[in-house]
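So, here come the structures, one by one.
Look at the two complexes coming up: chain A is in both, with chain B in one and chain C in the other.
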Partner chain A sequence: MPRSSTRWFAQRLAQMLLVLWVIATILFLIFRLMPGNPLVAYIDTTFTTEQKQALIHSFGLDLPLWQQYLIFLRESAAGNLGRSFSFHAPVAQLVWETLPNTLVLMLSAVVVAFLLGTVTGAFLAWKRGTVVESIGIPLVLAVRSAPEFWVGMILLAVFSFSLRWFPSFGTVSPGAQYASLWQRLTSPDFLHHLTLPLITLVLYLQGLPLLLMRSNMLDVMEEEFVVMARMKGLPERRILLAHAARNALLPVVTAFALVIGYSIGGNVVIENVFSWPGLGRLLVRAVAAKDYPLAQGAFLLIAAMSIVMNLLADVAYTWLDPRVSYAKR
Partner chain B sequence: MRSGSVEALPRPHALGAASWRRAWESFWGVLRHDRFAFVGICIYGLFILVALAAPLIAPYDPQQTIMKGDELMANQPPGPPFPLGTTNVGRDIFSQLAFGTRPAFTVGFSAAFFVALIGTVAGIVAGFYGGWADAVLMRLADVAFGIPFLPFVIVLVAFLGPSLWNIVLTMALLLWKDTARVVRAQVLSLRERGFVESARVLGASPARLMLVHIAPNVLPIALLYGSLAIGWAILTEAAVSFLGFGDPARISWGYMLNDAYISQALSTGAYNWFVPPGICIMLVVMAGYFISRGYEELLFPRLRRQ
Partner chain C sequence: MRRQRVLRGLVFGIIAAMVLATAQPGPSQAQASRVVRELVLVTWPQAQNPQQYESARIAAEGMRQLGLKVTVRTMPWEQLADYVWEERQKWDMTTWQMVGRPERSDPDEILVNLFSSSTAKDGYNFVGFIDPKYDGLAQAQRSATDPAARKHLVDQAQQVLADAQPYTFLVNPKSLYAYDNQVWDPHTIVEQKGIGIKNFWTFVQAAPKGAQKDMVLNALDPILAINPLYISGKVDSWITELIWDRLVRIGPDGLPRPWAASAYTWVNPTTIDVTLRPGMRFHDGTPVTLDDVIFSFMAPKGDKVPMYKPFVANIADIKKVNATTLRFVLAKPQAAFLTSTLGKLNIVPQHAWGPMLQSLEGKKDNAQFLQEKTPVGSGPFRFVSWTRGQEVVLEANPQHWAAPKMHRWILRTVSNVEASLGGLRNGEINFLSDYLGDPMVLNRLSRQDPRITVVASTDIGFQFIAYNERRPPFNDVNLRRALTMAIDRTMIRLVAFKGYGEMSDSPVSKALEYWHASRLPQYSRDVQAARDLLKKAGYEWDSQGRLMYPASQSETLEVAR
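Right after this comes the complex of A and B.
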């Protein structure tokens, strides 16, 4: 077993790198085939032709495409993502600085959404056929259908601009200084800033685990071991928690990868609504400013993040459910 | 003698094969009997009516900055001349909302059509032929799965230029994979079924097998994924427009939200400006869920008793 699991892991890792390589190649082609000079954001109107030529040469843009591609692959693999045109700083530094903000927002939202979603889903299954259900289900569907950035805008208008309970932008108050990253991320000020974006992302993500948990519960409730527990005269709450919920939970975990996918798109827009300095906001600003190296770097890191999280979800699933063998997956 | 033996073979229909007509009938059946699906269709119908009659319903040109004498009618509250008030540059919000149905449905339906079409064709070809066609298509689906959807749409739309059709194109490029996967799985089992086998024995060409015998059977599932894609497409267009990469020539709901956001409507509390477009998006997407829910019951009858 350990041997096959190592092999499975190695295979998944190889597949992951392959997908990443294909994405990097597509990205390279997109940015090189963009109409116009990629340095347009860099070049001032006062530049002379020689200065322009020197600049193009220094970026290696006068080399043949295949050479540029090889250089791009070599440098990306080494973690060198070039220099941002608009920030005049190394791309790697810019993306690594914003990565923790994105990760904190995303992971905390995914965890809260799963906890809230499964509990509410089980509750709604339990309340089947009651008024709670006939109000709850349309409400859940409505929240799921609402554009996440619009929900964020409303929260911002109500709780930030009208009631002034929460700040409207950033991760910490302007001018605040912290000794370390960890201190910053755990400071009350940071959590205060995190609240509204977190609520928005949780509302956006909770629908899927909730609806899945509910339908699984309804399925499980009719299985023999639940009927058996009922016949034994166990209290309803005990049946619900100890028997039904436990078994209904596992398929919800499989939705983890799907939710990660949603959360990456959701993150991009929500970071922009709340001016949250994360990777998504960086990407949008880079694309808007035609800052290709930065857009490329931010996109690659977002893609890598989503692929790694998918792998982790897979590992977690095989670990949680011993029936799934590594070899079969 | 010969014709007799052919007649003795069970007719394809008796073996549960669907024809195009039957697929259509079951499609209508769901709409007629499912309460949710019916509500969904009504919402769609209403919005499509608004989209068609937008010039009649909207009191103003959505782009027009309205003047009253020398005075710009900016930031007007909702009231008689302006049902939902005006924007900070004096545009009528209600008129923008009415015209906003057009890009929403254009994107929604065309993206759903291409997603369902590409996904179904790829799924049928991969499932029917197997071998290298299957391998190539499924590896492509793997890559499409690894690409983060919204960031890719943003990058590609910025590259191709901000237009509605480029948004549709990028969605079709990435979303076909889900439909293709389920259709392929369905085709793999259909391929071995009796009615396909008997058609093959009778000398039906691969094209005929796929088009006449297999396609109608995967139609319901393609429609389900298509109807889900409508909502996705409308949400994606809204998000892309909100982020400022939308088609500047058309006023969409996402554009309105972007306009309200960058014009400080949140801090001035202009709820009449940014609440209605969101409600419209929500209603249309929800209608899509309601309709697809009806189909899920058709496809997975086990759900019906719940």
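Right after this comes the complex of A and C.
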């Protein structure tokens, strides 16, 4: 690697750490500034002051705020996300148990949506000015704008409650036991449960790559090299696929990396509609219950993931388009 | 330029008008300060708890007819509980609920903890109800071991509360559950008094009709922990009571009956002999011994099992009388001992929990933070698996003396209410054990589909409006009575609860026929009588119809923030 790129990379790393620290600080403060307190979950007719003090002590909430903050920074830096107040289990374990469900749903949806979106986008650009476009674009926009929970409920009502083709909740059938995570994730039962949430999410996600691809294609088609290709007498299909589409793909790749980055957080709405045991639902619960360690830890992890994906998008860009270079300024 | 000047002029004009408006002299100073301030009724957001929200709206409308200015303010539950619990000087009124649990089948827990002066500072008496006569009655019933005498004291305590109206009691809601009658034999589904059909007895006795031998149930909230020494949440308790045995269980009639104890006898008011059922075994095959039982009751006396500590505080000693019998010696007589201690504590294996508790010595952690990989009890169901956020699977323990007839008991977390209904229709679940949706919808479903049986039963729990007696005017019993008379409670029952509730007049539910006091004052709705009552107590109304304190009193408090 040339020296200038090494320096650029080091700079980017330093920036990332700074951003993470700022996010960690905001996370630490925001949950403590919100009204409510983590002890309300314990309120019961037999709840005593003694019990309350014991809880405050074991949660470390009896320490001054700055000490709590320093401990939080030190432990997070060491990779220790602490223990959840409400589940009483290590945050890392809770995240680890729910993350696979979220990742499988989100990643498969993003991939399908981008494949579908890119191809359809290119197709609609090609059909510019035709009836196909005047039906296609409003349809895409309508599907993209429909609220996810609504789409999800419609799919449930039709394909689950009425036709009974698909189950209405969870990731596997009641009581199904699998020897390993891999076996569970690849079982037909799991894929059967995945279908409806996946379709809902794909319908929601396809809009961005589709419209992006279409407008890029329209731009690229005006460029001189395409005109040149036409003058050379190349077939239209070849121009479209080998020349225009390849160049129009660039921003879509960036968008892909970014969407994956923020997909890690899961999709709260879809996870709730389909009772999908993912990170999104865990987070909602953590925030509602003022479960500081769980909320902080999980959000921090999500932030780290999107920062890394951002970096990857930048790197991918320099690689895909040699004209872009971050090193020389 | 010109437009800017006009704009600036306009802004100044508005500010000046606002200043003038606030400075405007109202009615004479002395009169203004007698006017009761704006009162704030805090409640849940409509989306979180539509019943309480609607109740608050209807109640506020009634209060306004007394000349009060009442604002309904919503807060998410977590914030509301924090506000009511931690800032006891600051709020005026709140809607609240007590949920039904088997151990609340004995009135002791509610009567003592909700209204004793000792719990007013930081316990469950958050309204600050102080009445020495009541304290005497509540304590006396606690130590009255003669049932008839105790019943009399419980009646008197309820009478004091009905007179004092620390709460306006709204309804004992009906709990609503449903099951698939093609999968489960309806004759084996047990309705427990004040609890409904989702209860221990149903789970042990339900008989499958056909090939489907697994009971699949739903819960809206995830399972937090499966720990016999930690009361972690509503849903978790359904599981712990199946995995672990208890000496005594609350029967379908609401009264304690022997369970892991084959018999018990009161030797005197502070001594009870308990005989352990022979041949019991933990799920790992080891026998349940008297030492395990002693351990289960003595461990919470230390500092490592804080949630169960209050229930064993009164145990002075446990001795072995012979090979099968234990003698519990109490520090003072405790009438509800069977329900609130023997029926509450789980029997845990000492060989598992002894070392685990030992490992906590010198650390700030306690037993609540321990989670066994495979929980081991001696109960009618054995633990199979727990997939977080998705399901818990238990299986029948065929070695148990009350072995369940079903094969597995599977509790699914279903966060979407509609999906749990759809699942019941689809057969994805066959027992609807957690439903907070519209009762009408569930009933319509059962009319359309005869396979689905819905059972509604009056709950031990109750819904109420609580008045903060630390803040005038709520320290005045006449005002509290007038409020109860002004609130249209029938409307609340019919509209907010869609008729699925019984009018409540006491913290002891009507479902507990034995304990509920008959002939309590009813405070039927009568706004004129309420106004007359206030007038007689010295209250007056100003020219705008606003309620004013009696002449000797003036408003000293700020509007609740």
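FYI, the second predicted complex is superposed on the first by the 300 of 329 C-alpha atoms of A that agree within 3 Å, B and C clash if a C-alpha of one lies under 4 Å from a C-alpha of the other, contacts with A are read in each partner's own complex, and residues count from 1 in each chain.
Here, a contact is a pair of C-beta atoms (placed from the backbone, for glycine too) under 8 Å apart; a residue touches a chain by one contact, two chains touch by 3 or more.
Here the structure is a predicted model, which is why all the values come from computation and not from measurement.
Peer 1: Given the touch rule stated above, what does A:L156 touch, chain B (first), chain C (second), both, or neither?
Peer 2: both
Peer 1: Please work out whether A:L20 is in contact with chain B alone, chain C alone, both, or neither, and reply first, second, both or neither.
Peer 2: Touch partner of A:L20: chain B, not chain C.
Peer 1: Scan A:V273 for contacts with chain B and chain C and give back first, second, both or neither.
Peer 2: In the superposition, A:V273 touches chain B and chain C alike.
Peer 1: Figure out whether A:A303 sits in contact with chain B (first) or chain C (second), or with both, or with neither.
Peer 2: After superposition on chain A, A:A303 lies in contact with chain B alone.
Peer 1: So, A:L218: does it touch chain B (first), chain C (second), both, or neither?
Peer 2: Touch partner of A:L218: chain B, not chain C.
Peer 1: Pick one for A:L103: touches chain B only (first), chain C only (second), both, or neither.
Peer 2: A:L103: touches no partner chain.
Peer 1: State whether A:A89 touches chain B only (first), chain C only (second), both chains, or neither.
Peer 2: second
Peer 1: Looking at A:A295, would you say it contacts chain B, chain C, both, or neither? Reply first, second, both or neither.
Peer 2: first
Peer 1: Would you tell me the residues on chain A in contact with chain B in one complex that are also in contact with chain C in the other?
Peer 2: Looking at chain A, the two contact sets intersect at 153, 156-157, 160-161, 168, 272-273, 288, 290.
Peer 1: Would you tell me which residues of chain A are touching chain C in their complex?
Peer 2: It comes out as residues 35-37, 39-41, 43-52, 54, 57-58, 83, 86-89, 94, 97-98, 101, 153, 156-157, 160-161, 164, 167-172, 174-175, 177, 271-275, 277-278, 281-282, 285, 288-290.
Peer 1: Show me the residue ranges of chain C that touch chain A in the complex, using the header's touch definition.
Peer 2: 75-79, 81-83, 85-86, 98, 109-110, 113-114, 122-124, 214, 216, 222, 224-225, 230-233, 303, 306-307, 309-311, 364-366, 368-369, 371, 384-385, 387-391, 393, 408, 410, 412-416, 418-420, 422-423, 425-426, 428-429
Peer 1: List the residues on chain B that touch chain A in their complex, please.
Peer 2: Of all residues in chain B, those touching chain A are 142-143, 146-152, 154-156, 158-159, 231, 235, 238-239, 242-245, 254, 257, 260-261, 266-267, 269, 271, 274-275, 277-278, 281-283, 285-286, 288-290, 303, 306.
Peer 1: For the complex, give me every residue of chain A touching chain B.
Peer 2: Those residues of chain A that touch chain B are 15, 19-20, 22-23, 26-27, 30-31, 33-34, 141-142, 144-151, 153-154, 156-157, 160-162, 168, 215, 218, 261, 264-265, 268-269, 272-273, 280, 283-284, 287-288, 290, 295, 299, 302-303, 306-307, 310.
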